[in-house]
Amino acid sequence: MSDHDYKPKSKVGQWFNDRLPLLTLANHLTDYPTPKNLNYWWTFGGILTFCLITQIITGLTLAMHYIAHADMAFESVEHIMRDVNYGWLIRYIHANGASMFFLAVYIHIFRSLFYGSYKSPREIIWILGIIIYLLMMAAAFMGYVLPWGQMSFWGATVITNLFSAIPLVGEGIVTWLWGGYSVDNPTLTRFFTLHYLIPFLILGLVVLHIWALHVPGNNNPVGIDIKKPSKDTVPFHPYIVIKDGFALLMFMIVFAFFVFYTPNILGHADNYIEANPMVTPAHIVPEWYLLPFYAILRSVPDKLLGVVAMLSAILILAALPWLDTSKIRSAVFRPLYKQFYWILVADVLILGYVGAMPAEGLYLLIARVATAYYFLHFLVILPVLGFKERTLPVPLSITEPILGGSPSLAAARHRESKIK
Amino acid sequence: MKKLFKLILILSFFSLNFAQTFAAEKVEYLKTDWSFKGLFGKFDRAALQRGYQVYTEVCASCHSMKYLSYRNLSEEGGPEFSLAAAKAIAASFEVTDGPNADGEMFTRPGKLSDKFVMPYDNVKAAQAANGGAYPPDMSVLVKARGGGVDYIYSLLQGYEDPPSGVTLDDGVYYNKYMYGNKIRMAAPLSDGIVDYGDGTNASVEQMSKDVTTFLMWAAEPHLEARHQMGFKAIVYLIILTILVYFSMKKIWSRVESEV
Amino acid sequence: MSDKKPKRRDFLFTATTAVGAVGAAAVVWPMVDQMNPDASVKALASTEVDVSSVKPGNTITVLWRGKPVFIRRRTKEEIEEARSVKMEELIHPEKDEDRAKNPEWLVMVGVCTHLGCVPLNDKGDYNGWFCPCHGSHYDTSGRIRKGPAPWNMEVPKYEFVNANTIKIG
């Protein structure tokens, strides 16, 4: 960020900027040289920022009406839905917003996996992203507890009981988490407090995530290092701003459809039954975005190892920059990796599917195979592939690609035909 | 091609998840034409008013509706009883209030601001009066059941004699739409059990439809406002998306690249 | 190409910005309006009070919309005192006849019009009420006579349902 010699035009601007260089920052953000070949999969960073801000604003307004007490939480949610002006709208945006947030973050993560955006020199961006993702899961889980329905209560019971798998101190930790001998009012109030806190931690990490991004600059579909600024780049404003805006609007149409026409489809009916510590619902499932990890948990027949497997499945991602030994970033030039990539996508979707099914019979078998493959992909396939794979020739720049299977080939032809 | 493949993958992932809710129940529910479904779906006022009648005269003797108030009956988007009618309905109930200046609880006629009077004082009393089974609160019942309105509508009409080999304990009934087929509620409706003021024939099917419509409104009192606002919001978003699309094309035409 | 039709291009950008701004404004409103009184608060508009046990010279305080309401059964002397005051002497001139339709009963919101404290009964220089927060004196009709408060204490909408019951709101 120090590569700027920006001087505000007005005297007042200069005076202010010498004391607090906000104008330099603003200038940096608008001029920020961005690869001009970014496709729509790159717009999800902006979409995620929108999701975070939407969740914070709707969450703040809901917190003005919500009562974090085991006897009143369910009723206060109904009060929001029935009596508060536009309460139903704000709550449905917040509830569906969580799902949209995860939808966007999964696309964002898988985009990074495809184009190798986690590789040097962007490891810190990637690891910050993993921490944000973990915090998102914590926030989503605690938020789901707040309405104090049956799924809230039993979800909280099951997830907090994961900690009881820790040898020796496990039971003590669970009691400490609960503030009692079961999930009850003390648990609810602390979950509310943490649910309120975490989004601001995420916000801080997002600032670091973007800061870390702006040091090396964006990766791009070709996956090569580019000179900045150059013929390969465009300034962030207006080019990327308008493109992100367009993609965001498309995203908002889908979002609005969920909020206005099927607001409860992503939730579970049992959560409209008030929490009852005496009765567990027949079929407990987490929200859809946690299902793959839930499937991994259930596929291991040992309590401790199941929890370890589930946590490893997330934490293994942090080691990804070093597990992937290939020098080439983009899957476009890695024909074998590209195939394994799509197998991984299918594997995670299958895990999500079996996570929603009862853990028995064929489903359990599928879950075990898929879990094994998940770890195989990261621990064996990726390291070996880096050495064995024959990659395609990579162009030297975005504007001057060498011919031969690059995505910019079409662009090059297009340009040639224009010149003619 | 690849994009299409990805899209299909994502969509199938979603639809699988939606399916999960219904996967457990393999029974085909009875279908009827709900007026509140669809982009412009609205409640049928007459059905809501009849449904309220079925609720008060039949369901309310065991089932509470503790999140609704009498004022809701005259509010926009609901049964829309006139203010006077809603007041009269409220006044026909005895509400416990207090304590008064002597520190005693007393009863008075209901007001619009009162919540629906509950048939039992608490869950324990409800269980004691119903052989241990708690008749669930009906305020959000439709949203609390996997099949939603279709499930409730079917359940009300699903009572039949148990097939041979199934034995039922005292106070347990056979219902082909109930999870496990055994239900602690006796068939609540029978032809002509209520007398509709508007002359509609009070068949079990008609009453099931009316009361289910009423329960849908009770669970989603702002459904009509939601549908109306949703349509406007989506039309607005599409217009803005088109404008932004053309703006984007213009802006990107300055550089030699594909958007 | 862009040089040929600069006006149309400007129009496109203006239209896009304008439509976007309208949407942004529309989104702000629900977030603001959610802080206004909700439907259940608005519904609690009226309270009925049994005043049969109130003796002349006594005041009862009841809660209405979260505020105290003073209901005072005034003595003959108090009524006389309130009705004999000349309008010129008042900071906020109002006739006692307008404030208390039934002269025996004075019903008013017991909130000082200065900064919202609850004044004390039978205190102050005018035998009415006295606000301890910043020293406003009210007379036997609840009118401001001395001190920083700008107006008389507010008389809410009320009616006698029967001889013993007052409905406020």
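Labels A, B and C are assigned to the chains in the order they are written; within every chain, residues are numbered from 1.
The working rule: a residue touches a chain if its C-beta (ideal position, glycine included) is under 8 Å from a C-beta of that chain, and two chains touch if they have at least 3 such contacts.
Worth saying up front: this structure is predicted, and the values here are computed from it rather than measured.
Enquirer: Specify the chain most distant from chain A by Cα centroid.
Expert: Following the centroid criterion, the farthest chain would be C.
Enquirer: Hey, which pair has more contacts between C-betas, A-C or A-B?
Expert: Per the contact counts, A-B leads.
Enquirer: Using mean CA coordinates as chain centres, what's the gap between chain B and chain C in Å?
Expert: 40
Enquirer: Express in whole angstrom the distance between the two chain centres, defined as the mean CA positions of chain A and chain C.
Expert: Computed from C-alpha means, the inter-chain centre distance equals 51 Å.
Enquirer: Counting only Cα atoms for the centres, state how far chain A is from chain B in Å.
Expert: So the centre of chain A lies 34 Å away from the centre of chain B.
Enquirer: Touching at least two other chains at once: which residues of chain B meet that condition?
Expert: 237, 240, 244, 247
Enquirer: Could you list the positions in chain C whose residues touch two or more of the other chains?
Expert: Chain C, residues with two or more chain partners: 39-40.
Enquirer: Going by the touch rule set out above, which residues of chain A reach two or more other chains?
Expert: 79, 82, 89 - these are the residues of chain A that touch more than one other chain.
Enquirer: Looking at the complex, which residues from chain A come into contact with chain C?
Expert: Residues 57-58, 61, 64-65, 79, 82-87, 89-90 of chain A touch chain C in their complex.
Enquirer: How about chain B: which of its residues touch chain A in the complex?
Expert: Where chain B meets chain A, its residues are 9, 12-14, 16-18, 20-21, 23-24, 39, 67, 72, 136, 139-140, 143-146, 148, 179, 219, 221-222, 225-227, 229-231, 233-234, 237-238, 240-241, 244-245, 247-248, 251-252, 255-259.
Enquirer: Across the complex, what residues on chain A touch chain B?
Expert: 36-37, 75, 78-79, 81-82, 88-89, 92, 234, 238-239, 242-243, 245-246, 249-250, 252-253, 256-257, 259-261, 263-266, 268-270, 272-273, 282-283, 285, 288, 291, 345-346, 349, 352-353, 356-357, 399, 411, 414-415, 418
Enquirer: Under the stated contact criterion, what part of chain B meets chain C in this complex?
Expert: Contacts found on chain B: 69, 71, 75, 100-101, 111-113, 236-237, 239-240, 243-244, 246-247, 250, 253-254.
Enquirer: Contact residues on chain C for chain A in the complex?
Expert: Against chain A, the touching part of chain C is residues 30-31, 33-36, 38-41.
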